[in-house]
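There are two complexes below, and they share chain A, which is joined by chain B in the first and by chain C in the second.
Presenting the complex of A and B:
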């Protein structure tokens, strides 16, 4: 008969006691609401007019795909992600490389690039609403009166062709700084020895970039990429502040439509279903991205 | 000696306890008022509280400032029987319907007597606060949809009478000819001044549309009692809007910015505004009140227009409901409060007497006449969804992506499954 070590048992209990407060808090404020929301997503529940949620299986999820506004929101969110994500990665990487190369005035560049991080997106939204204004905006003013390109003037937020791209521009302005920080930390982690050895071997700058820097940034790519995907799919703030989904439904995105269903139409069941669908979408795309960047074995 | 000390201590303790009890006789009652934060900055709530305190000594006030659009969380809290406020100031009576559907509101019927009797209120406003024949909210911050014109621009275009007042257009065709005369374009064909700017931003979209329908045909309902999306007037209205936008006579600044139209007016970029009457004060402060005129939407002088209002409500779990009702009626519907709202912001309260005192002023005379003939939108379960559908479809039409006929057909198709049966 194997005798249990009482010290091990005590350690087990003590370690659980240490994590118990965190587990309880997470359970109460994260897990319980999450499970409760998941249950509601499978229920018919208008919280004003229904007594209580009534389980209706997959009906809410099926209804989503019969709702033209949901389909538009889905399409718009995918468009936002497809345009935002590569631009975000490319700009963040290029600027991180630039800042890492110790150019003159680096400190000023760093401050300028990182400043948008501390500006709340809602505030940035108001600021850009004015910048993009058709009649009073500085962008149209610059195009017409400084650059003398009046033909390029647009009703940036009021035109279905340009509204979503304007929102993407705001998203890039806001989030690229954070991507730069993550890439910079990856760049700093690459040992200078590798570059010195490469220099001895006569490797040029492009070869440095493609054979040393980028392969060594795979971890950062994964982190920045997943973060970027999540920011793109959960786009909400600037849309609410700047266009509220308009004109028409040209900038309606999934989270905005979830909010509308939950807190404007009071249809919690549908609202939760959209929220879980959006979360699932973010997870799937992130997993695919992670899989694509999987390090080669051997 | 020690006995003496003990006696002293006991007597002292008793006195202290008595003193504590005496203070509880001077009972203070607290009225907690909740509203979106801007409401407290905009309106003279502090003064209202002080005046009420003078009449009701011992009453204290607590302001509970909520964020914008925080009605739903309020409702959730109330429905769990939590005390949030004695007076709640909520965006629109259609939300009162949602609260009342959960049985969360107290009726004002018991206090609507004497000078506050139901016939002393503007009917269009009070109707919006009435559910099943009982008044569950008191109108506040009310507005009527109308046209607001720049007299100086109209004079230049030859659209004024001998007194310099704008001659109201009789129908949409005449209004269209006004816009042609008021619009100014530069040598490249770009509009530098629009004849008209309309607020088409979500909820305003619905007000703008139905104010046009009410003015043109005297009712917002079709012959089956449903909201009208099929009449020839509905088609004419959408046609008028689309044609005006296409030809650069009507600004589309409101498509994504609800402040766009008023900014158009303040900057002189538009000559006429189609929105609520209250903007006349705000715009007048910038361009000069003498240049502003309220002009009825064609037909509104006889058929009326659409009005809307915020609402003052008493939650069922209020701790001082009677005192709250007194505060709402005595101070928040007093002449001084009403005139402060009118003079500074152009907003109306519901009591006729408050506005009648200002009928010598041409602006208020027209507003009163319109308000008296105004109707509210029906309170319906799926109102917000209808707003969403209308906004999307009419925006698509204004972006020339579909015809007015197609727009009306799309709206009809999409609202079919909705519950838009008016809750009386």
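Presenting the complex of A and C:
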């Protein structure tokens, strides 16, 4: 059919010429690696010793759940997410609601709060390692000499009790501003007519918030929520720079354990199985989120 | 009357919270910048000072003169970022135009693939890409980062450009065709000048993504000569595995400078672009 109509064939060729560069790049560096990754995750593949991956079925995935380190990494990632996520959402929402009013300096506040999004996490990791450091860290200095609370001084990154929470603080510093901006654009999209009508009806500010603003933000909740959870699940950069999984295994997370399996132990198969496990986790949570916060049609 | 009073005090409250939030967020960066002007002795003197007793340039001089790695990292970051943009911008504009405004067989599959890729964490691609680069001798080269970065940033770029081209009224395209312009001319001369904001959005978020990327760069660039700032600076540890904070604070300040300038200039498009991309995906 296509061949018989020269105009149609021409359209087909021209359209494909437009998409060709993108398709070639994505095919070579995304599609082919994705298929290759799937194969590796079902194979025994030690990059140093073996030439080719040897198919071994589900062995890698079964091995994972018998590996205590993997279970620790899974647990730590869940802990990171469960602490990071509510704080991220709460701070982002509250600051967005406050900054949504016409206040002097609003633009400057927004730029300042969003600035960490461009600071590479690995460099933020250096900055915060120093801030949290025992002897010359500004945090311990402030606690002891400014707030006069020397009891709260810690070896923040060397203590299994505080290391993970310190990494979460860095994540919050980096990402919360972006959550604020996403919420703000959701708030701006709510029509001011609704508030006008509510004003005539004598609705107070709290009722405004709970009956108008929050229900209308459902779309933003799903957007910010999915984005925030994915940032938590893929936590990696600041962990490598600040603790590299330690002390002990207290900050070993999924991304880091996958990396170690692949590039320290050269177990590419296990590394890839962890990667797909993480991907499945991220996709399932996103889908659930989208489903729960589906905007009502009306 | 009462309402107005209340409103005014609310505004002052919001302003105060805004100032506190901004200062809190910026404080680590301010701390680094202030420290970079301190004398090395002052940095390691307890109790610590926040404001430098005396502003000195020594740390910056050490970075420029005594740290040959720094310019290497810096120019690798610049080269890789520009190289990636030179691939992502034209490729996403061309593909975005075809996918946004033309009907052709295969379009649905490409769109489906793009959406699927956006849902997959990059970690999945790391191991096979390493193996490919090892075979092709691309490890420890700039191109070894540019090609995967371009591919990884294309899906979001295409989504943004697709949405941008779709917003243009079709009369423009029709009249160009009647005037005898071919498809390529229509795309490049008539349509693309109208999607500059979309291109700005793709530029800023690709720039940010490449400048900060750590995992791929760390894995593929083992040799100092090929490393970018995000990977190189954390590896500049002195003996006993700690960092020399005087030099490092100056190096950090210098490496945050270009990205901050780009960000402050293009901030509006950054937000717009990511919103467009993520709403679609």
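Brief remarks follow.
Basically, the second predicted complex is superposed on the first by the 268 of 298 C-alpha atoms of A that agree within 3 Å, B and C clash if a C-alpha of one lies under 4 Å from a C-alpha of the other, contacts with A are read in each partner's own complex, and residues count from 1 in each chain.
Keep in mind that, in the parts below, contacts are C-beta pairs under 8 Å (C-beta built on N, C-alpha and C of every residue); 3 or more make two chains touch, one makes a residue touch a chain.
Worth saying up front: this structure is predicted, and the values here are computed from it rather than measured.
With the two structures aligned on chain A, chain B clashes with chain C.
When the two structures are aligned on the shared chain, A:26 is found in touch with chain C, with no touch to chain B.
In the overlay built on the shared chain, the residue A:145 is in contact with chain C alone; chain B does not reach it.
Within the superposed three-chain arrangement, the count of touched residues of chain A is higher for C, of the candidates chain B and chain C. In the superposed model, A:163 lies in contact with chain B only, and not with chain C. Contacts of A:263 after superposition on the shared chain: both chain B and chain C are touched. Judged by the touch definition given at the top, the superposed model places A:47 against both chain B and chain C.
When the shared chain is aligned, no partner comes close enough to touch A:96: not chain B, not chain C.
Of the two partner chains, neither chain B nor chain C is touched by A:217. Of the two partner chains placed by superposition, only chain C is touched by A:15; chain B is not.
Applying the stated contact rule after C-alpha superposition, one finds that A:135 touches each of chain B and chain C. Of the stretches 55-63, 181-189 or 217-225 listed for chain C, only 217-225 runs into chain B once the two complexes are overlaid on chain A.
On chain A, the surface patch touched by chain B in one complex and by chain C in the other comprises residues 47, 129, 135-136, 262-263. Residue ranges on chain C touching chain A, taken from their complex, read 10-11, 14-15, 17-19, 21-22, 25-26, 28-29, 31-32, 43-44, 46-48, 50, 87, 90-92, 94-95, 97-99, 102-107, 110, 113-114, 117, 119-132, 147-148, 150-152, 154-155, 158, 183, 187, 208, 211-215, 218-219, 229-231, 233-234, 243, 245, 248, 252, 255-256, 259-260, 262-264, 267, 271, 274-275, 278-279. Touching chain B in their complex are the following residues of chain A: 47-49, 68-69, 129, 133-136, 150, 155, 157-160, 163, 242-244, 246-249, 252, 260, 262-266.
Within the complex formed with chain C, the chain A residues making contact are 2, 11-12, 14-16, 18-19, 21-23, 25-26, 28-34, 36-37, 40, 47, 95, 98-99, 101, 103-106, 108-109, 111-131, 135-136, 138, 141, 145, 173, 177-178, 181-182, 185, 223, 227, 230, 233-234, 236-237, 240-241, 255, 258-259, 262-263, 268, 271-272, 275-276, 278-279, 282-283, 286.
Residues 69, 72, 75-76, 98, 101-102, 188, 201-202, 252-253, 255-257, 263-264, 267, 269, 381-382, 384-385, 388, 391-393, 395-396, 398-399, 401, 414 of chain B are the ones touching chain A in the complex.
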